[in-house]
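One chain, chain A, links the two complexes that follow: it is found with chain B in the first and with chain C in the second.
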Partner chain A sequence: MDALRNKARELLENKLAQVVIGYGEGSLGRVRPVFVKEPAAAVKLVYDGRCLQNLATYLLKPEVKKMGKIALVAKPAALKTVLQLAAENQIVNGEIIVLGVTADGKLIDFPDFKAIEAHVAASGPDLSPEELAVLDRLSHMSVEERWAYWQEQLSRCFKCYACRAACPLCYCTRCTVECNQPQWIPVPAHDLGNLEWHVMRAMHLAGRCVNCGDCGRACPLDIPLNLLTQMLVKGVGEHFGQRAGISATLDHALSTFKPNDKENFIG
Partner chain B sequence: MTIEKRTLKKEAVGEFINRLRAGQWQVVAPKKKDKQVTFGEISGAEDICQDYVQTTQSAKGVLFPRVEELFRYQMQENGAQILEREGPPQGTVIFGLRPCDAAAVAPLAAVFTWDYPDAPFKKRLAQTAIVAISCHQADEYCFCTSVGGSPGDTRGSDILLTRLSGGDYLAEIVTEKGKRLVELAADLFTVAPKEEKEKNLARVEKRFDAKKLAEKLPGFFDSPVWIEQSLRCLGCGACAYVCPACVCFDIQDEGNEKRGRRLRCWDSCGFSQFTLHTSGHNPRSVQSQRWRQRLMHKFSYQPDRLDVVGCVGCGRCSRACPVDMNLLEHLIQIAEG
Partner chain C sequence: MSEFEPRVVAFVCNWCTYAGADLTGTSRIKYAPNVRIIRFPCTGRIDFMLLLKAFANGADGIIVSGCHPNDCHYTSGNFHARRRWIMFRELLDFMGIDVRRVRFAWISAAEGAKWAQFVNAVVKDIRALGPYQHYRQVVGAGIQ
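After this line comes the complex of A and B, so read on.
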């Protein structure tokens, strides 16, 4: 933690960054995102097992971008997010400073996206054995059981859009759910509106989701939305051999035609 | 009316619920589902969960549903026919909610009966009875005492129950509606207990003065504090949707030229499109302006125009926020700033 604080202070003192986005102490033992602008405030930074939020979600926020050069404290999923945002031309190499922290607390100051790619390549697969076990359980349900499961889960949704707001890859300035001429997705939080919204959001993240899990964590009603996106991470991997968040240059599975793409879904 | 005091034995709560149900009341109460406690219809006292500080969602939906049909229309040979909206089929007793939630009826009613008496809301309100239970526990997010409430506040309740040391309840019958509920089970409500109410209540320290805050807020309109406080705000509507006193709604039409319906849906001032004009201009174009609006509306505009604070200090918004936007902390910062 000292290494992180020292690095943050040094970056701010030397004006190499205008703001360090990291984690600080919050209320009742929680941590919260902090935006450190003064070198003396670098002591506020913490990094431990409570730091779960993917802070890369702030990179494209207008108020944050206005603050100047950003140094981002990045947990592993945030590193993948940085690469995915680069692959989607939302950030460019050198635009931000990325600070990683290893499991044993060592600080990694990534010089460029290539270094992040190398680090991510050495990390484990996207889905943990526990996550795969949950997906396996869902996959083994009958279609009716799975439908009933999701109907029950999604019926609770009141459409606060915390899933979308927390997602670092839901950066559209105008979401499909807000397009009303024509209206693609029903706005009301009734069963149809909820189902269409979550299916649409998941499909828009197919091949893009880096499985940070923030959609599920942000949901105030504990709807396990990350299971939808995890299923897509798994599916895109199986069908297209592709993983999001491993490269800063990527031809996206769902928007790139390759002659050897499977076509067995047609007819 | 003056508040009448009675005792409701702990063993009699189940029978009281049964009598309410037999008396054609639907009873809605806190229920535990997985990790969350939330309001839902119960069929008996055994469904009620009492071991919690605060439910994730409030009971607001009974009075102001998250999606409410206002009317249906269908085209016929002689023109458009407007069909009656679906009203609540029977009366609802909200049982076992916290006094802060009961107090939240006032800010809701203040808006829905302000310049135009909202018929669906008025109908639901008339058909709803509130039996609250005083708080015997609180956490650091609670601040009812700073906004005029208390863990044993009777405002908004038709009956307020307070659990005494032996487990029996002091029943305070606050309104005529409460009296009618008691009449369904008069034998269960025995003479008032001797034990004092106060010592059975949670302690919630007063952290700021809402009146002084209301006087101070207009001067803070251009303060940089809003930007500082809201930098981490993600702009979702979780705070507004768990809030028992948030009233904003959006109107949605579903249908075509032959038939359809008009729905009233919850909305949130935290959303980027909330005040987006047709012209493309948005007077609240960034999150700090929306955050300012949220606080100003509840703690300055509503006290000023409706004589009611738009917050009951339940702390739900702070607990639900994915990025730990702690409302109490932010209010203290302004109150002391």
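After this line comes the complex of A and C, so read on.
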């Protein structure tokens, strides 16, 4: 933690960054994101097991970009997010400073995206065995059971769009859900509106999601939304052999193709 | 209504399947009249949201069809579409939507007979499955 604070202070003192986005103490023993702009305020930064949020979600916000050059405290999933955003031409090499922190709190310096790529390549698979087991359990249900399961889960959704706000890859300035000429997604949080919204959200993340899990954590009603994106992460790996967030240059799975992509359902 | 007549919406590309369906007609091949054809510039243009809208508006089945791989008028529209369908179909299945009601085919402008066979086969299957009650309930819940 001292290494992180010292590094942040050094960056701010030498004007290498105007703002450090990191975690600070919040209320009730929880952590919250902090935007450190003064060298003296670097002591606010903390990093421990409570720091789950993917802070890369702030990188593209206009009000954050206005603050100047950003140094980002990045947990492992945020590193993948940074690469994915770079691959989608949302950030360029050198535009931000990435302060990587490992799960045990060690600070890693990344001079450029190449270094992040090397670090991510050495990390484990996108989905943990526990996550795969849940997906497996659901896929072994009958279609009727899965329908009932999702209808029950989605019936709680009241369309607060916290999942979208938390997602670092949902950065469109004009989302399909707000489009009303034509009205793609029904506005009310009824069964149809919820179903269409969640299918659309998941599909727009297909091949892009890095499984940071923030959509599921952000949901105030604990709908297991990340199951949908995890399922897509798994499918994209199995069908196309691709992973999101491992390269700052490669196109994502659904914006490219191979002539010999395999399927068995087209007549 | 005495007997269930399936409503099938077909999303087809302008260059292959639409012309193929035209050939079915000019060849005077008779096929199931349950299909409503919607013409698109390319399969790559067929947004997955449109398929959901078909279900929301009372379709019991959906056909998506376009040029065979390597025959796309725009070179790669169908290749892109194929990747999208692979993932979309899996997502629908994962969410409990009956993917037997969403059918895909490659039908060229010369395959008028194949179009007739394919539509007949889909209509037969949907007739056996019956009306899409699950989705109709969801739509009904929104109106009440």
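Quick notes on this one:
Note that the second predicted complex is superposed on the first by the 263 of 267 C-alpha atoms of A that agree within 3 Å, B and C clash if a C-alpha of one lies under 4 Å from a C-alpha of the other, contacts with A are read in each partner's own complex, and residues count from 1 in each chain.
Rule of thumb we're sticking to: contacts are C-beta pairs under 8 Å (C-beta built on N, C-alpha and C of every residue); 3 or more make two chains touch, one makes a residue touch a chain.
Note that the structure is predicted; figures quoted are calculated from it, not measured.
Placing chain B and chain C on a common chain A by superposition gives a fit, with no clash between them. Look at A:188: by the touch rule set out above, it reaches both chain B and chain C.
Taking chain A as the reference chain, the count of touched residues is higher for C when chain B and chain C are set side by side. Once chain A of one complex is fitted onto chain A of the other, the partner contacts of A:240 are limited to chain C, with no touch recorded for chain B. Figure note: vertex chain A, arms to chain B and chain C, all at CA centres after fitting on chain A; angle 90 degrees, rounded to a multiple of 10. After overlaying the two complexes on the shared chain, residue contacts for A:30 are found with chain B alone; chain C is out of touch.
Legend: residue contacts after superposition of the two complexes on their common chain; A:104 is shown touching neither chain B nor chain C. Applying the stated contact rule after C-alpha superposition, one finds that A:130 touches neither chain B nor chain C.
Taking all C-alpha atoms of chain B against all those of chain C in the superposed arrangement, the shortest distance found is 7 Å. Of the residues of chain A, those at positions 186, 188, 190, 193 touch chain B in one of the two structures and chain C in the other. In the complex of the two chains, the chain A residues touching chain C come out as 138-139, 143-151, 176, 184, 186, 188, 190-193, 195-196, 198-200, 202-203, 206-207, 228, 231-232, 235-236, 239-240, 253-259, 261, 263, 265-267. Of all residues in chain B, only 34-36, 56-57, 66-67, 139-141, 227, 230-232, 234-238, 240-242, 250, 252, 254, 263, 265-266, 268, 271, 273, 286-288, 318, 320, 322-324, 326, 329 touch chain A in the complex they form.
Looking at the complex, you find that chain C touches chain A at residues 48-49, 52, 56, 69-70, 76, 79-80, 82-99, 103-106, 118, 134, 137-139, 141-142.
Of all residues in chain A, those touching chain B in their complex are 26-28, 30-35, 53, 57-58, 61-64, 158-162, 164-166, 178, 186-190, 193, 214, 217-218, 220-222.
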